[in-house]
Amino acid sequence: MDQPTAIILLSCPDARGIVASISNFIFSHNGNILHSAQYTAQPENILFMRIEWDLDGFEIPREEIKNAFTPLAEKFRMKWNLHFSDYIPKIAIFVSRHVYCFYDLIVRHQMGEFKVEIPLVISNHLDLKPVATQFGLNYRYYPITSENKAEQEEKEIEELKKHNIDLIILARYMQILSGKFVNEYPNHIINIHHSFLPAFAGGKPYNQAYNRGVKIIGATSHYVTAKLDDGPIITQDVVEITHRDSVDNMILKGNDLERTVLAKAIRLHLANKILVYGSKTIVFD
Amino acid sequence: MDQPTAIILLSCPDARGIVASISNFIFSHNGNILHSAQYTAQPENILFMRIEWDLDGFEIPREEIKNAFTPLAEKFRMKWNLHFSDYIPKIAIFVSRHVYCFYDLIVRHQMGEFKVEIPLVISNHLDLKPVATQFGLNYRYYPITSENKAEQEEKEIEELKKHNIDLIILARYMQILSGKFVNEYPNHIINIHHSFLPAFAGGKPYNQAYNRGVKIIGATSHYVTAKLDDGPIITQDVVEITHRDSVDNMILKGNDLERTVLAKAIRLHLANKILVYGSKTIVFD
Amino acid sequence: MDQPTAIILLSCPDARGIVASISNFIFSHNGNILHSAQYTAQPENILFMRIEWDLDGFEIPREEIKNAFTPLAEKFRMKWNLHFSDYIPKIAIFVSRHVYCFYDLIVRHQMGEFKVEIPLVISNHLDLKPVATQFGLNYRYYPITSENKAEQEEKEIEELKKHNIDLIILARYMQILSGKFVNEYPNHIINIHHSFLPAFAGGKPYNQAYNRGVKIIGATSHYVTAKLDDGPIITQDVVEITHRDSVDNMILKGNDLERTVLAKAIRLHLANKILVYGSKTIVFD
Amino acid sequence: MDQPTAIILLSCPDARGIVASISNFIFSHNGNILHSAQYTAQPENILFMRIEWDLDGFEIPREEIKNAFTPLAEKFRMKWNLHFSDYIPKIAIFVSRHVYCFYDLIVRHQMGEFKVEIPLVISNHLDLKPVATQFGLNYRYYPITSENKAEQEEKEIEELKKHNIDLIILARYMQILSGKFVNEYPNHIINIHHSFLPAFAGGKPYNQAYNRGVKIIGATSHYVTAKLDDGPIITQDVVEITHRDSVDNMILKGNDLERTVLAKAIRLHLANKILVYGSKTIVFD
């Protein structure tokens, strides 16, 4: 588990010989494949693959793997990424006033569940600064108004770049990010929405659910795209409710869901197990 | 379990003394309360109640209970219904071409799971007539076109009345019932929709779910109202899917859900455990 | 929601007139019943009931309700308890080395989810003292050996009494409490066990589950009795696993379950919604 | 979906080059890999793999694939099986008196959900003969006593052999099969047990569950081994219950679970997606 591995995530038009070529590439340089999974989307006939191999004994130095693999990738017209399991990603958490997801993330981080650094917490409010301080986190305050939004987002991006942020978590951040912002981190911003999307997109989903009289409520983690609550879904979960559940009760039950659904999505992303394809995710769990 | 009981389902503006008055009514006539449940909807302050008592030893003959209870009901301005547990309801099943829900219902009936009679199966197609015949059911064929719809519905209603139908089950019936038809059986037509409503209302929900890339799919049973897929929800359930699930696979998984969700709704209705309130149900399970 | 209420939890041999007598008691003193639920266990014919009413306008002062209700309780040979919704219970949390449940409880408390005081954290290890300190909690260290166990438990009980503890939470406390200890707090010690009991009682349930090759794992909260992992179950939940889940992965998934299952049990207890009957619980949710 | 494919299920000690060798074998004969999944059990370091490829265009005739693959299999010391997706397996269903699983299986078969033949239904009772007759199935009656058990099992085996049965389904068959019988069909007898094993093995699991006061009940499908309710688990599912659920209610809820859990296990087996390893299954879903 602790030995460093290399992971390639790829997609390309399906063709004979792709699996053979990739596994030969690894085997011919004395690599040991630990995990390999593939999926072909139909009717588009596009292959998605995740392959992970042990770096121990692999004869290509890790800094040269990218170049070595490129001819194969070009031959099959792959979109691909190379990851190393021992890389420690840098995460920025965006929060507003709700504390429960924020607490959950930092407690998990504290317990070593996420192998990441959190150099930055960004908020449009000051409410959660004491919690950040309690856990020694760097809290930056960017109040947003309709007038200053573009300007503030630029400062946020600057700050994110400065800290080499790899992944942004919106832990109940109550501002809609602009398309411009989102395009800076495509498929690298994870949001948690408190409904089983596509039901109850937008504001106050628990109130919507209460008014509709549904018997289950849910939570959805997804990558953020320019369109609200419409990005590729990573994980979802639901919990049963009854007519006895007030909106407050639904919030209580739902908050528990949101925490675990968001944490699961983050774990999958950090393990390089997600490929995005159009409006969907391929999750190699 | 086999002893006959009386059940009152009621709703009224909440007020002091309702529970006391009702339980006194039963106790003062030597009735033994077996189940009693109440719920007060807020902020409307409306009381919903289900109370069930043993008819054995109860000093009011069952045909006089209605009259005896009426003064109390009027005092508290109740909407209410009286049911007897040994009444055998008459059910009509509406089907089109999908057989799985139809099979499920008649097999359950065959096994004695539903204490009902099924004097009538109505369809706009002939496809399932052999199955009805195999189980000795009366299958009536009413093909529907845009021209003859009103006329055919009238004939169906006539047939339903002739057989004293208490409850209509739409077991994947692929025609939208007119408002006129629905008003003949308010809160007495149960439909199964193959999505977790309000997500994916309308046609081809599994295709919609596939295209959206959700990670759970569901099924919803609800009372039919004039507005499509919008009636009060009775039961819902979901099942996890992954990117590997084709639409066909989703249908396979979903069909299993639909069957159990529909059967559960029917059981609740037959046990007189459901009160409808606006667009919602109160389910005293 | 914020108005103080009175709650009676009772059990007694079933008989005609119980519900009527109790609701009359409340109504005749101008009380407004907010919730009332009953259940009769068969074949024992024992009635369980929970009734909650508004103290506002109730004509018996709260300190006299107990006396006023006693004749009725004696008439029907009830076992019963009276609770007030605005009472703030005092909780002691027992921990060992696992931090995740402890963190979860104190974060929930911090967020106001539990309306309690936590005057005491007791542990047989020093590991979690820094976390207690971080949240300003009083951490008492009682190392346990086979020699000093009885003696240490006595000191713990003394400390619990000193702080008027109402409820003890074993948040992954890795010592078995003696029968003597348990008898001091019957049905007032809640444990979380990391399996769906009765499967995998005892030590290392995730390893047991891994070795057996089950496809679901679970968590169980229960009241502690003298017999290990055998007390009345309050709540359970499960999560699916596959052959790909290592024991470590199962622990990760399971820990999320344990937290929510334990929190739910505590909420139910604090809301006075649980009656214990033999080895079972009646949960009026 | 309808094109015939070849599937190899294999296990062997893990080693460098296995995936490369197998994918080369397929590619070098112009095969197109449709699905490939592998899993390495730790710490035993055993590789499990399922690989499926299109027979269309594959240059080795299907009757020669086995011989062609053997050298590779021997090199890596594989245990392996070759399957073809267009093979129609022959299934025998064993029943006793409970009809619900039997009905479910034959209705699914009727609807084309299982691509199998059912040449044989075997029972130790005559109760379900009319149902078999209704669906045109061959029903053989072998009453079992402690005296004639060995003898009757021999006759059953003879009958099974005569019909070239590939898979046996115990659809609530209430006799324990002898070790001798089981050894004739290792990992080819699927049972449904009405609890979440290992909880409540043996008789009357719903009564056991009721008495223990659990809050969830379950169902488990597993391959039959000589030891009762102890074989490798294929699928499990659970449903929530409350104190209000009588044993009869639990049976009603549980029967629904049993049907879907059993059907799912059969689907996985028929799709050649299950590898058995010791007391566990590897399910490549």
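Points worth noting:
Going in written order, the chains are labelled A, B, C and D, and every chain counts its residues from 1.
Rule of thumb we're sticking to: a residue touches a chain if its C-beta (ideal position, glycine included) is under 8 Å from a C-beta of that chain, and two chains touch if they have at least 3 such contacts.
Note that the coordinates shown come from a computational prediction; the quantities given were computed from them, not determined experimentally.
The most distant chain from chain A, with centres taken as the mean of CA atoms, is B. Simply put, of B-C and C-D, more C-beta pairs touch at C-D. With centres set at the average Cα position, the gap from chain C to chain D is 42 Å. Averaging C-alpha coordinates per chain places the centre of chain B 37 Å away from that of chain C. Among the residues of chain B, those in touch with two or more other chains are 39, 244, 285.
Those residues of chain B lying in contact with chain C across their complex are 14, 16-20, 23-24, 26-28, 30-40, 240. The touching residues of chain A, when paired with chain C in their complex, are 1, 99-100, 103-104, 107, 110-111, 113, 134, 244, 246, 248, 252, 256, 260, 263, 267, 285. Across the complex, chain B meets chain A through its residues 39, 41-42, 196-200, 211-216, 218, 232-238, 242-244, 246, 278-283, 285.
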